Amino acid sequence: MSVLVIAAHPDDEVLGCGGTIARLTQEGHDVYIAILGEGITSRYEKREEADQALVKELQGRCRKATELLGAKDLFLYDLPDNRFDTVPLLDVIKIVEELIERLRPQVVYTHHGGDLNIDHVIVHRAVLTATRPMRDQPVQEIYAFEVPSSTEWSFQQFEPGFRPNVFVDISRTINIKAKALSCYDTEVRAFPHPRSPEAICAISRRWGTVVGREAVEAFEMIRSIR
Amino acid sequence: MSVLVIAAHPDDEVLGCGGTIARLTQEGHDVYIAILGEGITSRYEKREEADQALVKELQGRCRKATELLGAKDLFLYDLPDNRFDTVPLLDVIKIVEELIERLRPQVVYTHHGGDLNIDHVIVHRAVLTATRPMRDQPVQEIYAFEVPSSTEWSFQQFEPGFRPNVFVDISRTINIKAKALSCYDTEVRAFPHPRSPEAICAISRRWGTVVGREAVEAFEMIRSIR
Amino acid sequence: MSVLVIAAHPDDEVLGCGGTIARLTQEGHDVYIAILGEGITSRYEKREEADQALVKELQGRCRKATELLGAKDLFLYDLPDNRFDTVPLLDVIKIVEELIERLRPQVVYTHHGGDLNIDHVIVHRAVLTATRPMRDQPVQEIYAFEVPSSTEWSFQQFEPGFRPNVFVDISRTINIKAKALSCYDTEVRAFPHPRSPEAICAISRRWGTVVGREAVEAFEMIRSIR
Amino acid sequence: MSVLVIAAHPDDEVLGCGGTIARLTQEGHDVYIAILGEGITSRYEKREEADQALVKELQGRCRKATELLGAKDLFLYDLPDNRFDTVPLLDVIKIVEELIERLRPQVVYTHHGGDLNIDHVIVHRAVLTATRPMRDQPVQEIYAFEVPSSTEWSFQQFEPGFRPNVFVDISRTINIKAKALSCYDTEVRAFPHPRSPEAICAISRRWGTVVGREAVEAFEMIRSIR
Amino acid sequence: MSVLVIAAHPDDEVLGCGGTIARLTQEGHDVYIAILGEGITSRYEKREEADQALVKELQGRCRKATELLGAKDLFLYDLPDNRFDTVPLLDVIKIVEELIERLRPQVVYTHHGGDLNIDHVIVHRAVLTATRPMRDQPVQEIYAFEVPSSTEWSFQQFEPGFRPNVFVDISRTINIKAKALSCYDTEVRAFPHPRSPEAICAISRRWGTVVGREAVEAFEMIRSIR
Amino acid sequence: MSVLVIAAHPDDEVLGCGGTIARLTQEGHDVYIAILGEGITSRYEKREEADQALVKELQGRCRKATELLGAKDLFLYDLPDNRFDTVPLLDVIKIVEELIERLRPQVVYTHHGGDLNIDHVIVHRAVLTATRPMRDQPVQEIYAFEVPSSTEWSFQQFEPGFRPNVFVDISRTINIKAKALSCYDTEVRAFPHPRSPEAICAISRRWGTVVGREAVEAFEMIRSIR
């Protein structure tokens, strides 16, 4: 099975579905990761002021995480960080369409559409548009993941709500997820921030209790064609 | 794989997922069908006045449909037709729990919870309660089906809305579904009634167009544990 | 009665409410059609590369469809296809306000706001803003139509959901709708694509079964002042 | 046009749509009113302890209100006040079905389904079931009204939300509504209670401001077949 | 401040808001607890077969938990366990009304209305009805709590969704909550069951990360009058 | 307590929470007001054509209203009126972040996110992003207010719905609200427009009847950390 993970920023892919990626690759599936945005430049007053060395370094971290998770390949794009709304939606859609056409994955994991972060919202819509289920569409299944510090910080104000219906047991790969996350030490924060190792652990345990497992990542299956 | 279909009335199982049952049995899975209500007695002023011969006959039709679909076994209960609200919910739950315990299916198909028909609503809640995902719960996946003439006749007034996310190609089994439905000629109506053969065809074609296939049954996956 | 149909792209007006337009004009009402976008240019990498002859041709098709439906007049605008998000919303609103002021229709039909297509979403919001029910507002009723291949392809991810509450019998005008649609043979696809003649037929029959008629177009009435 | 108002308790018909009834009868339509419950007996510890003289008196008030509104006829039933949940839903449905069969109205006004009051909820479901749009169904339009002191006291906890989309100008009949309400002086409370004359006035003015009129009753059109 | 906690079963009060109760009592507020149902009898085939000694024992556990939390008083009722739907809703409302009248609390904590458990659903509706905000209503604020193993097991199928908007820091009282929970060792299960000590810990930490605290209980404020 | 009101246009702060601001300042709290947009320039065909004297005058009116309400300070920004969608969201967020950092308020009042007006929608999202509840976030409570002529004119088409759960008694300050509103006589319209004095009165009385008070402003509490 060929699986494509489409995320907005380096580290979203680990936060959202790192344990599941590791499990899929262990089970022999081909997983590809695409990151549409350059990351971190929004921390500067103006995008042009961003330290390009740091952008490069972040890409290196991302590559290392990809390797740890066992993914086949990583595709890095340079949409402006936290400024996806300044790009015509059609341009984002065309990036995703081209990717889908090239890789022809059966399964896609991407952002939830009700996140607080505007880049996540735009990626979600672009992915749904690029995977319209016409006859020759390779993508049969689409899953939305949560990103701690963005999904829960919507406080029910941005539709759709996150309605997880697929629960993946990651008891055996949560360690790999933790390791992959530690590649991003510039993005990680101290507990109780949702992007801390302890928070990631509490979240996976909480989801675990929902379905009788030790550690779980939760997804909303948007559609499956069988 | 062991699959259990839990419906309120004879014919709901065919209307809701007849094509999918036929496909599952053709693919070698074990499908069991449980009908919790006796059917038709609500057409009489009082339940006691119902013609028991007709109730028996309806059960015979149900058995024949079961056979046509290739299901392994049929379990008939006698909850009062369109009067499930006169039975304590706990009693309905216990029926389902006992069934689950006996058959230990991995997958359950049942009614959507926002239907107009009160029996459907109650079966939905009973099934969700009886399949609480504790550690030893055999049921890993639950799907809700629509029943034409009940799901769409809620007109968005009864939550939850029907949000189909799983689309099963029944192009090769729609004929079997049609045949199984014809067992119930007392329940079938003339087009444009939703329980007419032409309606069933239009519905499966409409769902087909949603995902690029000729004929489809649509389901809402309520949860999947993997 | 004066009716204005406001759509994003040539063919949306037929797909969304062609049968209803034909019925209204047959019953003696004045129907006007406005298409805010130029259509098709999004199929090119850059808008400027689009073949202007094809844009013109599409406008011709639209005029022919308008005639077939019996509408009084057609108003063509040139917002950039699938790039309405690059235009300030206020500019779209002002176009609609000017139209409303000129035609002073009592009834408006327009896009549903939860469509996958971003242009539809923007037209919806612009129409609602331009028809704010102040004392001198001519528009008393607003209806949202679905556009097959956009409304259903949201898969419940973009609010609001399509909640049809008005069902118009088009049994006698579905042939005209089919003919009008055939004007757009560049936009039409093969079944099971939702923009195929067979799909349009299946959809109208499916809606028909919902309310006991042979063929129906479904709308969500957004508001009516009486 | 023949219109049937179906309410749970005496005074709900006035609170919910008294101004609209008066306007409809003034415009020459036939309006019938049905009250399914006996009213007030829930104020006693046990239903049997209720003062039957007061029940009778309340029915007299209801008749007087009916007359003031210009309705053609009043149908009084005796479901137990605030205890409709102790009656099988099917029995309530059969009452409504029999009424619909007898009067064959084109239009029905009834309770909103998300009210706090359980009797309102049950009437709503019974009416939707009894008016299933099969081919020979006389009812083409169904409207839900709000009842001050029940609809707003759900505080968004009971679905569906009240989503008014039809706004009826009652500027010329609000006086009749006020008079009809005063028939029920045992049910009326002092401002700021929602069932006070001042509250009724504030509510109709608030709805008026929503659509640019002086006084309005708001409804949710559940479905219209045309 | 006088606070009343209204729950369906012994242990719901601890699971739902044990940490908050402990904090409120430490801060000098008067907290009262009411348990409307007898608990555990649903585990027997018939309610009459239940071992009354165990029911009594459970009440003893509840009293001990109440003491540990520092609550002022405990009110135990005997509605039939998991069979609240066999009691007329009005009777449940009258119990709550009488309690409110006697204690005149300003704040009420109770069940969320979208839980899987039917008793929780009924308590929720009864509390909202009994606290209708008429002029002389003492209750100014109502909060809904989640009960692990019931709220999350609705899987978005029962409205309303749980939309927490109030987050109470229980870092200093989570130990008391744990102790109070251990009174109910017959109700507690092994991790990863949601009613295990480890689950309670993971849940409070997960909510903590949502708002930057170590341990939190989450509530939905239904209404506040100020 | 330090409170910050963040609104899009001059007069929104009064329409949305003028009575509450007056009550808070009377009770000794520090209230600050920030207006992110310049106001009125959208009434011109092009923004550059706007009469700058009128913009200045409007700012003067705003200052006078601020004074009347007893607020401590007013912060005026110049985002383009009704064209906030032409500004990168990140820039709006940074304005709010800087304000929060400077004033460090515990409480924020801002626009509801489902308003018809696009500027309101954008302010809402910017505020939620700028107040992400990390450990050092000063803002503990966020409230959304309605703006008559924008919130109700969404007609349930733009999520989220306005779900008020906090009702503030403004019986004693409604006169101050009226006076503050009269500063904006260029923005005020004749009844039944929602921005007329009579409408403001009807609205506050309607909300009052919801909770047993004479005059009330309604808010949706988005989150509270305690």
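A few notes on this one:
Chains: A, B, C, D, E and F, in written order; residue numbering restarts at 1 for each.
Quick note on the criterion: contacts are C-beta pairs under 8 Å (C-beta built on N, C-alpha and C of every residue); 3 or more make two chains touch, one makes a residue touch a chain.
Everything numeric in this text was worked out from a predicted model, so none of it was measured.
Looking at the partners of chain C and chain E together, the chains they share are A, B, D, F.
Taken over every residue number at the interface, the positions common to chain A and chain E amount to over half, indicating a same-residue contact. Taking the mean Cα position of each chain as its centre, C sits at the greatest distance from chain E. Note on chain placement: the centre of chain B and the centre of chain C lie 37 Å apart, centres being C-alpha means. Taken residue by residue, chain E touches two or more other chains at 133-135, 153, 155-156, 159, 165, 192-193, 210, 212-213, 222-223, whereas all remaining positions touch fewer. Contact between chains, per the stated criterion, is found for A-B, A-C, A-E, A-F, B-C, B-D, B-E, C-D, C-F, D-E, D-F, E-F.
Residues of chain F that touch chain A in their complex: 88-90, 94, 113, 124-125, 128-129, 132-135, 159-160, 222-223. Touching chain B in their complex are the following residues of chain E: 42, 45, 82-83, 85-86, 116-118, 149, 153-159, 189, 192-193. Of all the residues in chain D, the ones that touch chain C in their complex are 133-137, 165-169, 210-213, 221-226.
Residue ranges of chain A in contact with chain E, taken from their complex: 148, 152-153, 155-156, 161, 163, 165, 191-194, 196, 198-199, 202-203, 205-206, 208-210, 212-214.
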